[in-house]
Amino acid sequence: MRVHFFFTLSYFSLPCFPFVLLHRNLGKSGLRVSCLGLGTWVTFGGQISDEVAEQLMTIAYDSGVNLFDTAEVYSGGKAETERGLNRKHIVEGLKGSLQRMQLEYVDVVFANRTDSNTPMEEIVRAMTHVINQGMAMYWGTSRWSAMEIMEAYSVARQFNLIPPVCEQAEYHFFQREKVETQLPELYHKIGVGVVSWSPLACGIITGKYDNGIPETSRASMKPYQWLREKIMSEDGKKQQAKLKELAHIAEKLGCTLPQLAIAWCLRNEGVSSVLLGSSNPTQLTENLGAIQVLKPLSSLMFDFGVDHLLGNRPHSKKDYHH
Amino acid sequence: MRVHFFFTLSYFSLPCFPFVLLHRNLGKSGLRVSCLGLGTWVTFGGQISDEVAEQLMTIAYDSGVNLFDTAEVYSGGKAETERGLNRKHIVEGLKGSLQRMQLEYVDVVFANRTDSNTPMEEIVRAMTHVINQGMAMYWGTSRWSAMEIMEAYSVARQFNLIPPVCEQAEYHFFQREKVETQLPELYHKIGVGVVSWSPLACGIITGKYDNGIPETSRASMKPYQWLREKIMSEDGKKQQAKLKELAHIAEKLGCTLPQLAIAWCLRNEGVSSVLLGSSNPTQLTENLGAIQVLKPLSSLMFDFGVDHLLGNRPHSKKDYHH
Amino acid sequence: MRVHFFFTLSYFSLPCFPFVLLHRNLGKSGLRVSCLGLGTWVTFGGQISDEVAEQLMTIAYDSGVNLFDTAEVYSGGKAETERGLNRKHIVEGLKGSLQRMQLEYVDVVFANRTDSNTPMEEIVRAMTHVINQGMAMYWGTSRWSAMEIMEAYSVARQFNLIPPVCEQAEYHFFQREKVETQLPELYHKIGVGVVSWSPLACGIITGKYDNGIPETSRASMKPYQWLREKIMSEDGKKQQAKLKELAHIAEKLGCTLPQLAIAWCLRNEGVSSVLLGSSNPTQLTENLGAIQVLKPLSSLMFDFGVDHLLGNRPHSKKDYHH
Amino acid sequence: MRVHFFFTLSYFSLPCFPFVLLHRNLGKSGLRVSCLGLGTWVTFGGQISDEVAEQLMTIAYDSGVNLFDTAEVYSGGKAETERGLNRKHIVEGLKGSLQRMQLEYVDVVFANRTDSNTPMEEIVRAMTHVINQGMAMYWGTSRWSAMEIMEAYSVARQFNLIPPVCEQAEYHFFQREKVETQLPELYHKIGVGVVSWSPLACGIITGKYDNGIPETSRASMKPYQWLREKIMSEDGKKQQAKLKELAHIAEKLGCTLPQLAIAWCLRNEGVSSVLLGSSNPTQLTENLGAIQVLKPLSSLMFDFGVDHLLGNRPHSKKDYHH
């Protein structure tokens, strides 16, 4: 298991938020989270200084963000020699992280991609164990298939264990299938909510690849070759064309393209929170501003224009006919 | 969650009680509580000095009271920005209170009014968790509907969790419906008992509003406007009239009106304990004296006279005929 | 147990219904029932000839009614020497009725008023047994309190038995509390629906008691003395006054008072079906016509006028404030 | 519910099969079924005489087929006025069919498309009931989504009921997604197998629509307008082009195109059986011959050529990488 978890902050004083950040329940659990969260796992891994990291967290907190996604071992360097979701790794991994971070517990602990070597029963038992031990309040899944989540739920019900409350899933203009067609069914049937990540498609939606890939960008780094290839592919070029048109819509709405992209994720009420991964304060402030776009727009008009342009609205399973 | 709980005291020495304070089981649990308890949440919130508070507790303890209802955050000042009964709040809230009060555990932890955003399964799991962790011995509900309590019980049975043992409910001359018709059924079916509060109807029954509302009384304070309005309403005037007649009965019985009102609550054997909320020593001593009224009277005669006068005996569900 | 059950009919040919009779699910079960049903237990007990009985059933069936409520032992004469809901009575009672009625099974078998001598577990086990034996498809309750139904559900979940699907409850202009405030909560929590009976308040709403009690009416018979007394009471007189005003509304709507009363029950979407108890063909045809009133009316306008006049809209539990 | 079920035949004498028909387990159940089955529901509904029907069954049986898929009410004529999967319909429907077919039980009873009005618990309880009553040995699903099947499994485990053993799904050259990506996961997780139908895509793969739609074919009939439109669509034309090339491969392999198509379905080891829907003896014999194609070919070579040409191999969920 990659140790990966949420912690949520209480507001000690009432900060004068520049705008109101809506709170939503995490799935059908009782935990209220801000609809925008700060995903620190991409950016806090050595690419930015501690000073900037603190700055980012302060901006987020002052804006009303109470959800921080942290994944200790995402930070580069240390190679993971062991992986997997067996009981030992889940318990040891979380315990170690809590010690290093000097926390008593985390709010939500996540199981990343299922490990096909470990039976589901063992995973769900271990997650229930860390919750019962007070090391976490809830557990969630990350990049699991809908079927795997349903299996976890089924095991939890069969053995009276604790089922997961949310799934972390990629969701943006060009990756809609899972969040829009599969996960809503899970929410209605078993209460599992969605926390989405990568609202800007790893930077593709920021517009910074408009004129090819700048040498200083993430995509030019070695480990991100897949990203570079994706951008330069045939599909990638079509996406760039669509982004130009979407930028026009953003302009009409008086917002930036990233703000439009983030607000577009938030219009989906099945999404409990959208994790932002900004690595610099200006960007983060801009991204948090997306919340202001959400309100003024008639959601119908909004959807129509953008969805029409995207032309990739997935078919809901419910509409399926012979 | 408002952190709200009972702690019960053992008697280290056998005090020579001026009168015998009966003990009753809390619901069908094995916990024995004195039939009169001290509710500190109204009065200890800044209105009285620490000295008086200690005095009140000493009087109560010396009279055989072993039940103290404490609700840390009821005391004014700190505004709660977040509320709810999710797992995090239940666990954190209780943990924080135990630390501040330097207690290892409380006897009964209460969940105030159900939070419609949190599923019942989460509430019952969290309450079971704090009990399993040794932070509380039992859990109860406060101001829940009978149906909500039944749902909690049902969830507890389905998932092999711990059901609640008691409900805290308002009960006095002018508020009888829930305690007399709905809760007895719960007691018989699932063993949930009643701890009643406000036996003097927030002071209405003390007689201090006989001649209008004195400027120094609670009802003249800003946050108690609802109380002021209640007293001056048409119904309020009828109640004042009835109270005058009840005062005659009290006189015949050789007790005060508040003592009659408290003894009247205690005649209901479904009530495990009546919480007193007195804010001065003289009053508290008077109120504790209600126990002396209970015995000498033939309960039948007693009931008849008062109930006849009140004219609001609710119909028991069991007596219903077509 | 009074043997009391539903059977539903399939349509062998497509009858040309004079009007469309809507179908609704029985609670959250999959069984679809016509929103008007024929309750034969009052009227088929000797007061009418077999010929008329057959006529009534034909009219109902031809109008699209697929729900017939039959209660063998309601028919006068035979005194019930034994009552109760113990396993023996439930199983024997249903078996006997099926034999006499030459049916293999009934759709819904009902447990009348709970029997305080039999533990709930025994009742739910027996009901599950007759369903598992193929003698019934579902089971329901009749005149149970919401709490009792919740207890049955809780027992079913604890021991993996079959929970009830509906409650039969009295519901009309002057009896609203249970159906409007208590049962909706049950429907949302556990899926138990309502089948209502006595839409005309045992004939009070037909207007036939306008000028006192005619000698030939039911109310003049010995066993109906309670009905006679109810009509002549102070409350009864107030009701008669309201009925006169309601008759004016009905007139404006182009329908009769009974039709208005039945349509008023049907406007409540929590009611799966309203059982009609007419004892003569003309009356039944009139009552079935209520369905035509339901459609043309704007439900808002409808509710307002009638509810305002009735002045007895019960407070929803959800609205309760201190 | 459309009554729809399998019965399997034992071999009373050992027929000299012209070729060996492999048997496979139905999902992870212990039931062994021939890998080719006879689907009678399309063809036995009035389009062919009883004589031909008997002939077809004899040919199949003599070839080692032990799996017959029958769906009584698929046959035209009688209009179903009611549909759904409630307990009553499941039990009544199966009982009626068993009587008319003079069978004591069927091997597998199927629930067609889920009925959104009936809760899953009711469906699974009813299926368990007919199995416990001896009316069926197993139950399966037909055209359910993977999520719905998983939900049924979850409910079965939670309440200790019987889970389904197989899903009937459309599967052919041009419809691969569900069978190749979603159902394998179900097989591995919960043992649900696949019985596939329409291996020839409703006749599209027979080649009979090469030169337009003949007037005597199914596709020219009124109710099959959707089929006609599909064939004449843009996609349909591309498919016809691919079929021409596939016909060349078949020729090289010394088999017909339909045989190739059927063998191609069988190469998928997740498919327990492929249902054939032939309506004339010559065709059926040809189709059964597909089994002879399966063996001689190196499955690897086979797969490569055909899959390459089809160009629509779905991505397995398991192979997915970021």
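For reference, chains read A, B, C and D in written order, and residue numbers begin at 1 within each chain.
As a convention for this text, a residue touches a chain if its C-beta (ideal position, glycine included) is under 8 Å from a C-beta of that chain, and two chains touch if they have at least 3 such contacts.
Keep in mind that this is a model prediction, so the values were computed, not measured.
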item	value
Count of contact steps on the shortest path from chain B to chain C	1
Same or different contact residues where chain D meets its copy chain C, judged by the half mark	different
Centroid distance [mean C-alpha coordinates] between chain D and chain B, Å	66
Centre distance in Å when chain A and chain C are each reduced to the mean of their C-alpha atoms	52
Where chain A and chain B are represented by their mean Cα positions, the distance between them in whole Å	46
Two or more partner chains touched - positions in chain C	none
Residue ranges of chain D touching chain A (in the complex, touch as defined)	145-147, 150-151, 153-154, 157-158, 182, 185-186, 189-190, 226, 317, 322
Residue ranges of chain D touching chain C (in the complex, touch as defined)	79, 81-82, 84-89, 91, 115, 117-119, 122-123, 125, 129, 132-133, 159-160
Chain D-touching residues of chain C, taken from the complex the two chains share	8, 10-11, 14, 25, 28-32, 107, 131-132, 134, 137-138, 160, 162, 191
